[in-house]
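As written, the chain order gives the labels A, B, C and D, with residue 1 at the start of each chain.
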Amino acid sequence: MELHVKREHSSPGEQHPNRARMLISCPDGPGIVAAVSRFLFDHGANIVQSDQYTMDPSGGMFFMRIEFDLPKLEQRMEQLQAEFGAIADQFEMNWQMFNVSHKKRLAIFVSKEDHCLVELLWQWQAGDLDADIALVVSNHADMKEYVESFGIPYYHIPVTADTKAEAERRQLKVVGEDIDVIILARYMQIISPSFIERYKNRVINIHHSFLPAFIGGNPYAQAYRRGVKIIGATAHYVTEELDGGPIIEQDVQRVSHGDDVGELKRIGRTIERVVLARAVKWHIEDRILVHQNKTVVFN
Amino acid sequence: MELHVKREHSSPGEQHPNRARMLISCPDGPGIVAAVSRFLFDHGANIVQSDQYTMDPSGGMFFMRIEFDLPKLEQRMEQLQAEFGAIADQFEMNWQMFNVSHKKRLAIFVSKEDHCLVELLWQWQAGDLDADIALVVSNHADMKEYVESFGIPYYHIPVTADTKAEAERRQLKVVGEDIDVIILARYMQIISPSFIERYKNRVINIHHSFLPAFIGGNPYAQAYRRGVKIIGATAHYVTEELDGGPIIEQDVQRVSHGDDVGELKRIGRTIERVVLARAVKWHIEDRILVHQNKTVVFN
Amino acid sequence: MELHVKREHSSPGEQHPNRARMLISCPDGPGIVAAVSRFLFDHGANIVQSDQYTMDPSGGMFFMRIEFDLPKLEQRMEQLQAEFGAIADQFEMNWQMFNVSHKKRLAIFVSKEDHCLVELLWQWQAGDLDADIALVVSNHADMKEYVESFGIPYYHIPVTADTKAEAERRQLKVVGEDIDVIILARYMQIISPSFIERYKNRVINIHHSFLPAFIGGNPYAQAYRRGVKIIGATAHYVTEELDGGPIIEQDVQRVSHGDDVGELKRIGRTIERVVLARAVKWHIEDRILVHQNKTVVFN
Amino acid sequence: MELHVKREHSSPGEQHPNRARMLISCPDGPGIVAAVSRFLFDHGANIVQSDQYTMDPSGGMFFMRIEFDLPKLEQRMEQLQAEFGAIADQFEMNWQMFNVSHKKRLAIFVSKEDHCLVELLWQWQAGDLDADIALVVSNHADMKEYVESFGIPYYHIPVTADTKAEAERRQLKVVGEDIDVIILARYMQIISPSFIERYKNRVINIHHSFLPAFIGGNPYAQAYRRGVKIIGATAHYVTEELDGGPIIEQDVQRVSHGDDVGELKRIGRTIERVVLARAVKWHIEDRILVHQNKTVVFN
């Protein structure tokens, strides 16, 4: 039974089999762009996109994203990375290099509310999410058959106050070592600090309010009580501080006095879906750099 | 196999079993609101929501939407309508009265692009679309299993230049007499004037541009060529004039020079989904009045 | 010297010399709309606009705004109000009736930042603000000549910690008894509770953040530190709770990591101007009802 | 008399006296970024911002904007430009280099509607528009005293069908040779092709609709008749094709059936002001490249 029609258009990696991306952050200083672009040019690479941002020209931080094509990337990437080390050391860079053909592997965590999961699955199936959805983890069994109908493994791991530590061990086991990013798609359990530390800046949460307003539980009820005229949702990397991590993306919609809490939730579901999907897309496309508690997003 | 978890919260009709809605349009004049509200009061009804709009106080048109509760509505509605006839005649009203408990029946037409259909099905399943999706019609077979997995009949009616008339006869037959509204959810075939006439102001189309810009085919390619900085989508009632019917709802999103046609389409899909779903919701909730080529939307 | 060209199009009161508006709030119950509309009809009034909202049909609050034309309004209004008393008593209404021809009188308070004041003066001069700007009060002298060039009195009342009470006495004196609404157009001094009580729901403030985020001082610096992707402004009625009064209007704009605090302020100034001007317009047009800590805005 | 309080914060040129900007467009190919950044590095410049965009990596166009600091820029800029010629020739570049300290000189053309002019003057006076407003030209005398109160020359040059050619000669004369950009701030006369050719991609117009919808006259009346749910404004470079030039910026606002043409105009005025001011700001900051009939905007 062919329930879900996978779209056929080619992925970025298929369209550009020799494309790579670099993310760089380092203290600002003269010659960084020249050194990096010279390095790439000398190795025969062609820069197809480059974005750069300096937080404060005198003594601030420098952030860069480069997309380039290099013939025979697959064979040459390891050596390219090794040789880039000298430049990286010179400028004290934090840096990463990605082969666009290597799709990122996602794990999605979900509880009862399914709209964010459904959106990610639909975008993935439509070919709009250039990643592999490796698995779904939930503390409820509700979505099992739906997720499995896409051919995606579903791990039902119940969480109670007593079993929390054991549940997290099981989660870590199924997630394993080769997951690039974990998406909390309305996953309503607190993640432990050690879990967060292990996937630093790689756990994306969607909070159903326009942060920093309405931190914590029942943000739509809070918004209704305060009588706001616009509601929103926020995608952020998870840190130890509840709803306090680096914000990746936010969006909003106008509401009126006539919208009760149920209606705010209904309107909010669409904002949440769209905001989370955008944040995931940007992460997958290596568009996000994190510095202290803020993100630089090149999009 | 329980693929789709139907949400359990109660519908407006279940919450308010005695609720009715009226839509009225007539030439403006003194005493209309007084006559209608007096009529309802005398029959024991309680008005819970009332919206009213006069296009031009001197000699213009008057539009009204009333939501009211009436004990034993089901048994009394027929007589209520009969007795309202006198007021309607006096003020030359076009009017309709709806029992909220009687869910509207939808037919969805779709071609290859599935995002609008998927959105409507998801909102319906989530309990956000208070209607019955009676059937789906498509000129392609792609979505058959997916739609049927919701328990919804799917009619694959191919359309070619030669078989157009015959296809439309088959469509009319499967749609039948008791469909309230037809949704063209990216249905890419032209509907004949006689078909449109038969479902006047009851066929909703989503056009993938911010009308009246980019009428006709390939609006995203047109938008790309023109270099617009914002793209949009438009839901409208279908009339004989291509993309020229009364606009129900529009929305937009910012784009940049960096977005190629494929990216415009991807961004546009989310706008289309949201705009069409809003228009359908408002139609279902009897919020739309059509006058000449414009809509009055009470929301 | 004719510095400012006053636009010549006629005001609502000139266009409709017999137009009145009513604002009503009361416990919901059957027959309210019928009673009010019957009352107006029996007195020869024609309702040109009516909006109504019930917060919760069973036992909630009912809010209504009616705009109507009544021949010889000026002479008959006093008696109309007296006679309406019976209905008001029956339904325990809070209500107000306004003659549209009687322009509201505004007092604007401002400190150093002039953009909100400039906007209000420009809209007023353009004929878009149907009110009289009776006076401007400031704790600085900077804007004196500019304001007086519009023919508007400017009162420079310095405020220091020591002179606060005396300054407020002087403010109350210049404002006097016949000011309808006070606009805090970036007035950076705290108003005392007794002052607020005296003009309850008649002091409008613009706060330069998307409340309830970033209450208090330097909200743009707070927003920068938190790394939000959207900033906003909020117009609200002033209550004793700092930045906690009923929200009238909010709006937002997207920002990026590249916008420093200065740029956030620059972007924010346009949001503040627009949001405050909208709130003032709605107040002037009697579109706002306050219930507990929330507003019902009929627009 | 000090009517207008000029804000005191320093301009970008004062903050960064050695800052320059480059705009480059050329056919794409390997080594462009490396060559440019190497050139700048070798001359002792520090790149503080760099943006780049390739329309299509294989055989497309390449666009670049660079902001850099170079000690003793004022003295060295001429030679820098001369030496850059070799690189420019090699890659067939169209390019410009700007000294940020040299403020651009603006001429503003206006007719009767003053809101866009008022906005530009206010932003300029607030220090948000880093340019010199050299003069204002109008076919009406209305704004003369207001503009002159800012110390800006005002040229009243009436235009009739008979005097059109003569009026344009006078306009060209007062504009002279050293104006960088002409702003049509709701200037309602057609500019001749020879005038446009002379200031190619340096005449910015604000059209009061969301182009390409509602080209030509009375766009708000057109929008009202079509019943759109969102209106907008468009800033674009003027070309020979009416309302057909490269779009710089657009923005929109939601409207409803209740907004008549007058209300659409009122709402539209704020959109027009904001959109035009943004376009002017981007032009002044050398953020816009024009290719064929489209703009690349690095912001």
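Assume contacts are C-beta pairs under 8 Å (C-beta built on N, C-alpha and C of every residue); 3 or more make two chains touch, one makes a residue touch a chain.
If you want to know which protein each chain is, UniProt gives these names: A, B, C, D = Formyltetrahydrofolate deformylase.
As the structure is a prediction and not an experimental result, all values here were calculated from the model.
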Is the number of contacting C-beta pairs greater for B-D or for C-D?
B-D
Compared with chain A, which chain's mean CA position is the farthest off?
C
Cα-centroid distance, chain B relative to chain D, in whole angstrom
43
Roughly how far is chain C from chain D, going centre to centre by Cα mean, in whole Å?
36
At least two partner chains per residue is the criterion; list those residues in chain C.
53
In their shared complex, chain D is touched by residues of chain A numbered 16, 29-35, 37-38, 40-42, 44-54, 57, 69, 254
Show which residues of chain D lie in contact with chain C when the two form their complex.
1-5, 9, 114-115, 118, 122, 126, 128, 142-143, 145-146, 149, 262, 266, 269-270, 274
Name, in rising order, each residue of chain B that touches chain D in their complex.
53, 210-214, 226-230, 232, 246-252, 256-258, 293-297
